[in-house]
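Should a chain be cited, it is by its letter among A, B and C, assigned in written order, with residues numbered from 1 in that chain.
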Amino acid sequence: MDTELLKKIIEGALLAANRPLSLEQLEKLFEEGERPDRGAIRDALKQLGEDCEGRGYELKEVGSGFRFQVRETVAPWVSRLWEEKPPRYTRALLETLALIAYRQPITRAEIEEIRGVAVSTQIVKTLTEREWVRVVGHRDVPGRPALFGTTRQFLDYFNLKTLDELPTLAELRDLDKLHPELDLDGPGEGVGGKPAVEEEAVESTAPDAGEVAMQADDVQPPEEELPRNAEGHTLQ
Amino acid sequence: MSIEIHGPHPGGASQEEMPFAIVRGEPLSTPPKDLYIPPDALEVFLEAFEGPLDLLLYLIKRQNLDILDIPIAEITRQYMSYIELMKDLRLELAAEYLVMAAMLAEIKSRMLLPRPGATEDEEDPRAELIRRLQEYERFKKAAEDIDALPRVEREIFPVSAEPPPMERAPRLPDVELKELLLAFREVLSRADMFTHHHIQREPLSVRERMSRVLEALNAAPFVEFHKLFTVEEGRRGVVVTFLAILEMLKGHLIDLVQREPYAPIYLSLAGKAQE
Amino acid sequence: MDTELLKKIIEGALLAANRPLSLEQLEKLFEEGERPDRGAIRDALKQLGEDCEGRGYELKEVGSGFRFQVRETVAPWVSRLWEEKPPRYTRALLETLALIAYRQPITRAEIEEIRGVAVSTQIVKTLTEREWVRVVGHRDVPGRPALFGTTRQFLDYFNLKTLDELPTLAELRDLDKLHPELDLDGPGEGVGGKPAVEEEAVESTAPDAGEVAMQADDVQPPEEELPRNAEGHTLQ
């Protein structure tokens, strides 16, 4: 099949589909006999991406495949097409989503353990309904709790090709840096505003001992946990 | 008396000491006994936190403390004063906040005990708390990072074009009535409407009739009352229509207009009559 | 505004809109101060149309405005996108449709209140486009929210003469007893080809029996096994 026709077909299909298309799905546009090999399809995609330069849209590879999308430079105008404001998500939902994204597969109890609060059923439902999150299995412990993971649609929505493209998670700082000799607190006013007699027993009397400890230089720059993917993933 | 209650700054950028509240311009760290703070306001303040870890992080941040070196006594004191405040205002305390208070108190008590010849491998009682705070903080940050990613509906707009004219129209999803009923049952059991929702008692025919009457009113600005009834439907039909009209009057969907006693009654869509 | 940017914005908007855009709508993409005159927009459209030559799509003017359309020459390939198994509706869409059927006329806010999550614009759009649901009026409260009801096409599709033929709540509760083979967690998988209640279709036609049953059963907790209402409605 000649390259120009191949390009037109792929371009037309990506535009008509209204969803990202994978290489497999693009292959299936062709009958067995005429089916171009995957290399040819890749080449056509690459050229289509290059052809878009200078246009109002670009070719992007996301989780579930390739899609055309409006260039971010013209997005401010295009967004005026919709009167409704884009949805905003609560911190509780985003924190839950972040835990599922970075720690998958993860159970609800594990999410609650890290966040220190219960995860509402509503949040799980919203995440599932948006198809960002799904049950990927069950942990083999009593109760067989569901394990949650993210979906390709999650990647699509956040304009990512793989989970590697997520912002890196801050590194945990080293607890060994705690100096045992600094860990005694100064006498405070006690719990709940009442004088705490027992604090007299402590040797440290400097009211600012806490402040000293506070300034000890334990701060380390957060290290990158995952190697960042250096390549851009826009095809152009 | 005016009172402002400060929540954490949305961006989390500000690290300066912030009083709990400002009353007539005076910073206040605990409320005077006779001060009445509307519980709503405090609730709003507390709702700004995602739980005890978030509140602790806030307390640490607002004094520009390093998590690794939390002065436990001070933090415990502040934390407990929040809890006291919640108790004073008779807010329902989430169990998680109380558990955290207990944990802080336990750490503090352990640190107050004299330790004979501190051994190297003795674990700092704060370690577990610090680990949890750090762990929570990194996911709090990760959530902010995810929120900042460009995303569909906000910065990213996937595009599409009209599919070409095709021999066969694209297939639309098939739905079985069963699927629909199961979905409805699911929603009902979730919303617990089986037990609570009084509207469920209305026969469906009335709800359907409400739609039909609204349809008629959409077609003409005013419709005469009696025109909505069809003799052929018999008594039941008349009752259904009448119930539908009453229900819609109650729900502010329609207006009834009568110029004078015994004049014809007209129905119109609510709000349209004055226009 | 320079022509290239103008072209890019119009191109991006037409492709993102998912519907034809009129000249007025295109004008509204620009703030008062920067708004190009209509002639400039027309020129940009003309050039965009010419630019499409040799691509898989073309610019068309239809009744309600301009749109890009995939070229008929690539239709044989593109149409294979729809030969795969037809798409399925989400649980969210089915729940929304069911609530509109049983609780009409109902506003979007009321649906959201019962379901506990936002109803996406896309769901409302899909249901409206399928002509199963339409706006039947507006509630006279601030904002005058639209009231949704089902259509005759909805009844036709589900082979119902009136909404009364939908099962009562009591019957709904017994659905799984009627259809032990139904997989209640995943609609679709266990769903056979027949209408739901048909198999147990009962002879009685007393039109009000269901209503009576509904009231009586209202107070029962949902878990309770209730004897099936002997006078259920036949579905046909």
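Here is the rule we use: a contact is a pair of C-beta atoms (placed from the backbone, for glycine too) under 8 Å apart; a residue touches a chain by one contact, two chains touch by 3 or more.
Quick caveat: nothing in here was measured; it's all calculated off a predicted structure.
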Distance-maximising chain from chain C - centres being C-alpha averages: A
Geometric centre: closest chain by C-alpha means: B
Separation of mean Cα positions, chain B and chain A [Å, integer]: 23
Centre-of-Cα separation between chain C and chain A, whole angstrom: 30
Multi-chain contact residues (two or more partners), chain B: 157-164
Per-residue overlap in chain C, given as positions that touch at least 2 other chains: 12, 15-16, 18, 57, 68, 70-71, 74, 78, 91, 116
Of all residues in chain C, those that touch chain B in their complex: 12, 15-16, 18, 57, 60, 67-72, 74-75, 78-79, 82, 86-89, 91, 94-95, 97-99, 101-105, 114-116, 130, 136-141, 144, 147, 149-150, 157-159, 162-164, 166-167, 169, 172-173, 175, 179, 182, 184, 187-188, 191-193, 195-196, 207-208, 210-211, 214-215, 217-222, 235
In the complex, chain C residues that touch chain A: 4-5, 7-13, 15-18, 21, 25, 28-30, 54-57, 68, 70-71, 73-74, 77-78, 80-81, 84, 90-92, 116-118, 121
Chain C-facing residues of chain B, complex: 157-168, 170-195, 199-201, 203-205, 207-208, 210-211, 214-215, 217-218, 236, 248, 251-255, 269-271
Residues of chain B defined as touching chain A within the complex: 30, 50-54, 63-69, 71-74, 76-77, 80-81, 83-84, 94, 96, 100, 105, 108, 111-112, 114, 118, 122, 124, 126-127, 130-132, 134-147, 149-164
